[in-house]
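Two complexes, one shared chain (chain A), two partners (chain B, chain C).
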Partner chain A sequence: MNTSATAERPPQVSAPRRRPRGLDSRQRWTRIGMQAPSLVILLVVLAFPLVYSLSLSFQSYSPVDPEANGQWIGLGNYARMFQDTQFGQAILVTIAYVVLAVALETVIGTAIGVWLSRLMRTRRLVTSFLLLPMIATPLVVGLMFSFGLNAQFGYMTDALQALGLVGEAGVLDSPAGAFAALVAMDVWEWTPFIALMVLAGLSAAPQAQIQAAQIDGCNTAQLYWHVMLPMIRPVIGVAILFRATEAIRQFDQVYILTGGGPGSATTVNDIFQYRVSFTAFDMSYGAALGIATFLVVAVLAWILFRFLGRKGAQ
Partner chain B sequence: MFRFAQTAPMSPPARRPRRLLLVTTATAASLVLAGCGAGGGGGDVDPEDANGWSQEFAGTELNVLAEATLNSEILAELAPEFTRMTGIEVAIETAPFAQLVQSVTLDFSTSQGDFDVVSIPYDYLGAYAGSDYLEEITPLIEANADKVGPEFNQEDILPGLWDTAAVWNGKYYGMPSNSAVTMMIYRADLFENETEKAAFAAQYGYELAPATTWQQYSDIAEFFTRDAGEQLAGETLTEPVYGVTIAGKRHEAAVFEWINYANSFGGGVVSPEGELVVDSEGSVESLEYMNSLGEFAPPGYTSATWDEVTAQLQQGIAAQAISWGDTAGAMENPDQSAVVGKMGYGDVPVSAEGDDPHALHGAWTYTISKEATDVNAAYLFVAWALSAPVQKAIGEKGGVPATRSAFEDADLIATLPSWPQQLTSLENALARPRNAEWPQMLEQLALQVSNALVGESTPEAALGKAQGDITGILGDKLPLKAF
Partner chain C sequence: MSSMSTVTGTRAIVTGRRAPDREVAAPSGARRRIFGIITAVVATILIVVYLSPIIWLVLTSFKDRLDIFSSAPTVFFTPTLDNYVEAFVKKGFTDNLFNSAIVGVISTVVALVVGVPAAYSLSRVSRGEGFMMALLAARLLPAMVLAVPLFVLASSLGLRDTYFALIAAHLTFALPFTVWMMRGFFLAVPNSLDEAARLDGCGEWRTFLQVILPIVRPGLAATAIFCLINSWNEFLFALVLTGRHTETLPVAIPSLITPIGTSWGQVAAVGTVTILPVLIVAFIVQKHIVTGMTGGAISAE
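Let's look at the complex of A and B:
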């Protein structure tokens, strides 16, 4: 290699050295090739249904109605959504369900997480037990509660009656009771998730601040309330985000336990959409409802991530 | 009185007279074809096994989809016999109601042709036949008159059942695959108890007997509702007993139960002229009546469907119910029931003495897809499923046949106490609407019947809301021309 020839050239400061074009192209194609399978899967399972649903939402289509054969109706389905009182009711039920269930799970889960963090010998054992409700599939949980809350033979009904909390007709007989049963079912299944997230957050909390607070004379309650819990707020935020997006999509357990009734007391958004799309086969209106739900969840997630990002930066 | 669907008697499609010459020719042709088939990849079939059935379609493979019921299980058990006779291979797939309807709709609407023969609930007839997904069966009956075995006689299919199950816009689109029908099911042993009879007569001023009117039904419900510790038929109860059991969940079960009441209160869903009568006086009165029975029903009936009704009757904690005749087998099954031999079966009561009773059809229909591999082979399968030996076997194994001969079979009558009543109910039953919008209408009715039963709204307000919402669904299609 001729080093003296290159040393005489003026140094090129501003222009970066360009790599040979062939290598660049090869690398690019290699990267694309390596990612292609997952990109194709994403396109098939995410992008295509979304675009198809969006297109369907501007049409009038039902596979069982020859007059609804896919004609373009513009924003007709979206306009109908705003006038649909049953959809409005389903949205209210969903909001109430998500807010109540996730709030209860957060409060109880955080308390359990703190308690777990103070356990020394039995923490692993207790944590293993806590995992059990989360392992069960939603369908099985729904069936468990359905049997347990049976008005005549359910052991849960017996227990609640013994405590004087419900009457002879059981929990599912009244709109308020059925709604409370759904919230209780979700809290039973998913509180451990929040507890475990809190436990993980507390275990990873930086010790320096904790020790400093202890030296400053914080008692245990003050330590948790003013130091440790604020430190794990992002973790709790992520847990709430996960739970809220899951709870918004609640379907299986409601379908099994109450079928959306009595009346429309437990008709959450997904049950309503299922009925529109797959019982009444009003596919295009169902697609419009799906798109609207997608947008709402996406906006909620975006707000929460921005909130978390700000907290993280602080 | 309003009827729920156009079930005007129609003459079943005429069957060509069987001619010996045709049979001989067909048999000869099938022998030749079967021979050709053996060499050309067709089904392996012995002409001596034909038993009068054509072997022309040997080697054809049929996919059948049917509801996950005993009828379908029995058919799957017997299908090898059909294959042996005809050489047509049959794969029977079963699915629960909701999944079946979704699979069928997807298959039909995408023209996939995954299923050749589909057993559909008859209230989807308008949806599927109206969308031109189904083969009309009359031309197939005529074209294959000489290809079906002598054990199939279309005249044997119960005419009212066939009309309900298959007639849409004046054309036949299938044949009934089962004959579910509602009836009154009651604890005959309690009704025959002398102590109870005397007490009832003293309290109500007339003799205790299976109810023929709704007033009697209600009186009996009140009379037999007892707390634990009280006496019933000479025994001290350890658990409460209820005079009636009701399916009251937000579910089609509650709507169908209400239709049984509405049938005789002069209400219903659609008038014979095609007008909506959901909020008519008779409809409201019938829902008020249904609501009033709740007082004598087991607690939690507003979250009960047919499953709970059947279980409560089997456990002996309810004295009477309006339910499906095909649950009678469960009542008489000693492995499942505490009331074997204690049950009686009667007509659905009426509003006033002298009115004609009307049950409700719950039939399913064998239909042939327009995309079927071979519509003639598919028709042969349907004809075989309705042939006398298959229908009798269905009855013997606990299913519900669709032919008169099976319901009049002496062997079956001897072992199935509900059999005569099932036949009577089938002959007086009405159909629910079958228009393409019925699934949406059913959703609205399920919601509002549930609202009324749990006290969220009065029956009048609930049915008024249902009427308004269904009017919105039907729009300018009212009055309905076909339903």
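Let's look at the complex of A and C:
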């Protein structure tokens, strides 16, 4: 494969290169003509719903409850969050899920990335195969594991039963099993992402230092551990944060594989929110939960952005 | 030692006359080649195991009920197209396929037509950071945050179960993605080209359409493909905004799974039809997918 450069796009456009020329009015109109449609659409489909959601989060509104007809209740929904033990449970499940899945993906993905970087002729082909789980419809990914782990005819169940790891009822029947299945599915789907990032980082690593280390008598393991791994640490950091911001909002695969069960063992944050908003139709509480989630993701994104910014400055 | 000689003996047969000479000359080379072959075999097995969930889904879609529930996992069976016929001819999953396609194509076209000029314009000004930051925030926005207000708004406007609502919802990620990606590609085109075109008397729009746009055609393709796939794969918005008339393929799948009497063969058939176009496209235009997947962080050559 030919991911050669990690051209981390610098978030800041280097200002001096763009000439500060006086815009005549025609140019300004062209510019407006080019940007305005995007802005208008984004305002209508994105900004307005967000603001609407924010205002909804301070109300009590449910289309199925005549008493909750949109009266203002201030921070009531946000206060409710802190007393909601189900929400607390969902947060714990989500944290455990994100930490476990992303940690496993990072370790395995880095190893695969290193392996890919050593492949020559077959790298392109192997990468193509590794891409498939990432690009496949997430819901169908959940479906695949639902097939594989089916207690009656799943081939994964058969394999695990042969190894004596699960009983007749199958993996998804026990809380621990269902949770493990979820983590395994995420690792299956997203480890290649880390591997690709690592591969890109390795192919962009400065060769001079690597050669210097080789001349100094580094063996291959030392070379990777002491020289190349520190070089690609920023890339791995970015990849981890990308993954974390996505794993936090995991929904599709969980929805079809376990639906959050058994009990609340796999009720991750988004499944919980879906139940609040679209099963109980408690829209205003759902909006508040969404805003809170967004704030958490935004903080993660801010860290990510600072990462990218530092890399761009180098 | 004996296994070693067996392997080299086999190799001598396979590769004919040339092999023995080289083995005498460089035994370590031969060992390395055998090691390479073993690695290749192991790697192939690992890849097959890795892709087994996909393979299993596709295989199941060609099985009849008996083969699906047979006690031992069967790889060899008489393939049947019954599941596909049942699901797509008799049960109307063709409509879902059509819905998915229509929403994907329209949202992609709108995102490109509207977003690409904006991306170009933003790549040519120094003050674009605010907009770009907002776009990044939009890309990181959890879909669940938008699903609630979009559902309430669509319901109160009577727009639920319309293509319009779902396309609008898909634009919330397609448009920021397009602007973000395309701006990156435009930034790679030197400004001097714009200047030259302008000196030749091109207006801004003509410079953009006839000079710059053809240069970034690969980027355009990558962005379009990725928008299409994202829309095709999207589930949550479609789940809450569509109804009987506009249901896309991913939404139709869970409704097939019931506590009793699920027709797993048909589920597999619909699942296969859902992922197959994506997988084929991903295989053909791998480098574009890598670019899009990593948000332009990795640019393939």
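In the analysis below, the second predicted complex is superposed on the first by the 273 of 314 C-alpha atoms of A that agree within 3 Å, B and C clash if a C-alpha of one lies under 4 Å from a C-alpha of the other, contacts with A are read in each partner's own complex, and residues count from 1 in each chain.
Following the convention adopted for this analysis, a residue touches a chain if its C-beta (ideal position, glycine included) is under 8 Å from a C-beta of that chain, and two chains touch if they have at least 3 such contacts.
Since this is a predicted model, take the numbers as computed values, not measurements.
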item: Chain B or chain C, by number of chain A residues touched; value: C
item: First (chain B), second (chain C), both or neither touched by A:237; value: neither
item: Partner chain(s) touched by A:152 [first = chain B, second = chain C, both, neither]; value: both
item: Touched partner set for A:173, first chain B, second chain C, both or neither; value: first
item: Touching partner for A:127 - first (chain B), second (chain C), both, neither; value: second
item: Which superposed partner A:261 touches (first chain B, second chain C, both, neither); value: first
item: First, second, both or neither for A:113, with chain B first and chain C second; value: neither
item: Which superposed partner A:41 touches (first chain B, second chain C, both, neither); value: second
item: Touched partner set for A:31, first chain B, second chain C, both or neither; value: second
item: Which superposed partner A:63 touches (first chain B, second chain C, both, neither); value: both
item: Doubly contacted chain A residues - partners chain C and chain B; value: 63, 150, 152, 278
item: Chain B-facing residues of chain A, complex; value: 62-66, 86, 150-152, 167-170, 172-175, 178, 258-265, 275, 278-282
item: Chain C-touching residues of chain A, taken from the complex the two chains share; value: 1-9, 11-13, 15, 17-20, 26-27, 30-31, 33-35, 37-39, 41-42, 44-46, 49-50, 52-53, 56, 61, 63, 122, 124, 126-141, 143-148, 150, 152-153, 155, 158, 188, 193, 196-197, 200, 238, 242, 245, 248-249, 251-252, 255-256, 270, 273-274, 277-278, 283, 286-287, 290-291, 293-294, 297-298, 300-301, 305
item: Chain A partner contacts - residues on chain C that touch it in the complex; value: 40, 43, 47, 50-54, 56-57, 60, 68-70, 72-73, 110, 114-115, 117-118, 120-126, 128-129, 131-134, 136-138, 140-153, 155, 168-169, 171-172, 175-176, 179, 184, 187, 191, 203-205, 208, 229, 232-233, 235-236, 239-240, 249-250, 253-254, 257, 264, 267-268, 271, 274-275, 278-279, 282-283, 286-287, 289-290, 293-301
item: Touching residues (chain side chain B, partner chain A) in the complex; value: 98, 102, 105-106, 108-109, 124, 127-128, 130-132, 249-251, 298-300, 302-303, 312, 317, 436-437, 439-440, 442-443, 447, 450-451, 453-454, 456-457, 469
